[in-house]
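Alright, structures below, take your time with them.
First chain A sits with chain B, and in the next complex the same chain sits with chain C.
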Partner chain A sequence: MYGMLFSIKSFVNRISPVDLKDGFSSFKTSKYKCNLYETPSGLKFIMNTDLNVGNIREILHRLYYTVYVEYVVKNPLCKLGQPIKSDLFKTKLDEFVRELPIFPLRAS
Partner chain B sequence: MTIFSVFIVNRAGGLIYQYDHNIPRVEIEKTFSYPLELTLRLLDDRVVVSFGQRDGVKVGHTVLGINGINSSGRQLEDGREILEVIADEENYPIAVKFGRPKLTVNEKIMLASMFHSLFAIGSQLSPEPRSSGIEILETDGFKLYCHQTLTGIKFIVLADLRQGAIDILLRKLYEVYADFALKNPFYSIDMPIRCELFDQNLQAAMEQAERTGISNV
Partner chain C sequence: MSRQAVRAGDPKKVSGELFTLTYGALVAQLLKDYESDEEASKQLDKMGYNIGIRLIEDFLARSNVGRCHDFRETADVIAKVGFKMFLGIIPVVTNWSPAGDEFSLLVENNPLTDFVELPEGHSNLDYSAILCGVLRGALEMVQMEVSAWFVQDQLKGDNITEIRIKFIRRLEDAVPVGED
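Then we have the complex of A and B:
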């Protein structure tokens, strides 16, 4: 996933006919849409969604500063750069995603 | 509402056709005094801004010319090395033209093959089974649309964000390809397309799509 996105970012920068401000933001196939939000510190937030979501850059940005910064960066036990093991982060992330307007309720 | 360019990639990933319809040329000419605030370096035989941004000149822009003389690679057309001219204080005040570099043919071939692979990986990364490859790639400056036909040929169109009806254009381009390239007895499949009628009809289809936003099928 990382390699793919790194290659796409580099590809987009070279092929772009205009100067890009934020760079690559998402790609769609016939079954899913892969959205990327990159923070200035190099952290990449990737969300795979359904095809009919719009621009979720704002949502990913909110995810970054309400969930990641609060529960990972401010956690003295979480080393930045290491895989995140914090259960609290996982719970909060789950809550955040469930409350998103784009998250549907599956009738099973 | 513009379409920037079209690429056609064959089954093996090689570029067989490329057409630049309307690429906005980003060029800025400014007069500088010593010392130059921008840091330049050599990249792929070009002089590129690696650090520093001033008045529209951004990181990634190349030196297109100095004092009216155009550059070719890392030298000016009169043979002087660009980095030496810029480092020499006696040449100041100096008028340097910066801009987005134009892609060479080799680079286009390389980028087309790169996209061919990215397209395939896109279908494999899918959380749902049996996904196609990348159909639309969005950035904040342009959108790239790709349509892969049943025979494996990819039609790639780069367009402005606001341009609509590109999927119709892609199908129309496939028709134009089938009519003027495939039915041409002198054209061998998977080879670069050099058919005049194909060029003309492709350009007409693109102009139609640009103008109306919906092309007449």
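Then we have the complex of A and C:
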């Protein structure tokens, strides 16, 4: 997935006629929408959502600073660059996503 | 009564004095463990580096600044936003090299060195070396390789503390093997 996103990102950067504000942020297929938020430090947050969801850049940014920074960056046991094993992070992430307005209420 | 109310305001904030004392105890222990000023300074720098690579995420998340367009903007952001956010001080950016790839940060009130004096026999110690490491680590995570060092140090008798930062090169995003 990294390779695909990297290629799409560099493609978008190259064909854009104007100076990029955010760069590549999402793509849609017939079944889902893949949203990307990239921090200046190169960290990429990818969320697959339903097709009718709007721009969730703000949501992903909030995810970054309320969940990732608090429970991964500030946790000395979590090594950067490796898969995140922290259960606390998983719990907080789950809570965060469930509270999103775009999370359907009917799904269990 | 009212003083207690002010103190209990933000449980997450640690008192500045506790911070200074903790840092001092850390340096003292490092000196004892490594016995040489240079080695202790090097370890402080290394620790700073490890702090920096994580601190940058906290910084980017809280300050929400975008990418800097040039090194001058980087310098301004470091001084006015970064230092302010974490140490509560704003160093002065100055002494730009003609090529624009080196600058100095002048720090007058370094919170790490409140009430600190370098003991006899340890005049080679870069007490605040951790700051150089933090700058190096943080900037490396935003694709800039820099080197940072102390030019002047108030603890060593100079009037002001001056940290010099030199831009070495831009780091490219690592592309996985097999991609172009």
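Here are some notes:
Note that the second predicted complex is superposed on the first by the 105 of 108 C-alpha atoms of A that agree within 3 Å, B and C clash if a C-alpha of one lies under 4 Å from a C-alpha of the other, contacts with A are read in each partner's own complex, and residues count from 1 in each chain.
We take it that contacts are C-beta pairs under 8 Å (C-beta built on N, C-alpha and C of every residue); 3 or more make two chains touch, one makes a residue touch a chain.
Please read these numbers as outputs of a predicted model, since none were measured by experiment.
Touch criterion met: A:Ile8 reaches chain B, while chain C stays clear of it. In the overlay built on the shared chain, the residue A:Lys74 is in contact with chain C alone; chain B does not reach it. After overlaying the two complexes on the shared chain, residue contacts for A:Gly23 are found with chain B alone; chain C is out of touch. Looking at the shared chain after the overlay, A:Ser86 reaches neither chain B nor chain C. Contacts of A:Asn48 after superposition on the shared chain: chain B is touched, whereas chain C is not. Of the two partner chains, chain B is the only one that A:Lys31 touches; chain C does not reach it.
Ranking chain B and chain C by residues of chain A touched puts B first.
Comparing the two complexes, residues 7 of chain A contact chain B in one case and chain C in the other.
Taken together, the chain A residues at the contact with chain B in this complex read 1, 4, 7-8, 11-32, 34, 48. Those residues of chain A that touch chain C in the shared complex are 2-3, 6-7, 39-43, 61, 64-65, 68-69, 73-74, 80. Here chain B touches chain A in the complex through residues 4-5, 23-24, 26, 58, 60, 100, 103, 107, 111, 114-115, 117-118, 121-123, 125-142, 144, 158, going by the rule given at the top. Those residues of chain C whose C-beta lies close enough to touch chain A in the complex are 53-54, 56-58, 60-62, 64-67, 141-143, 173, 175-176, 178-179.
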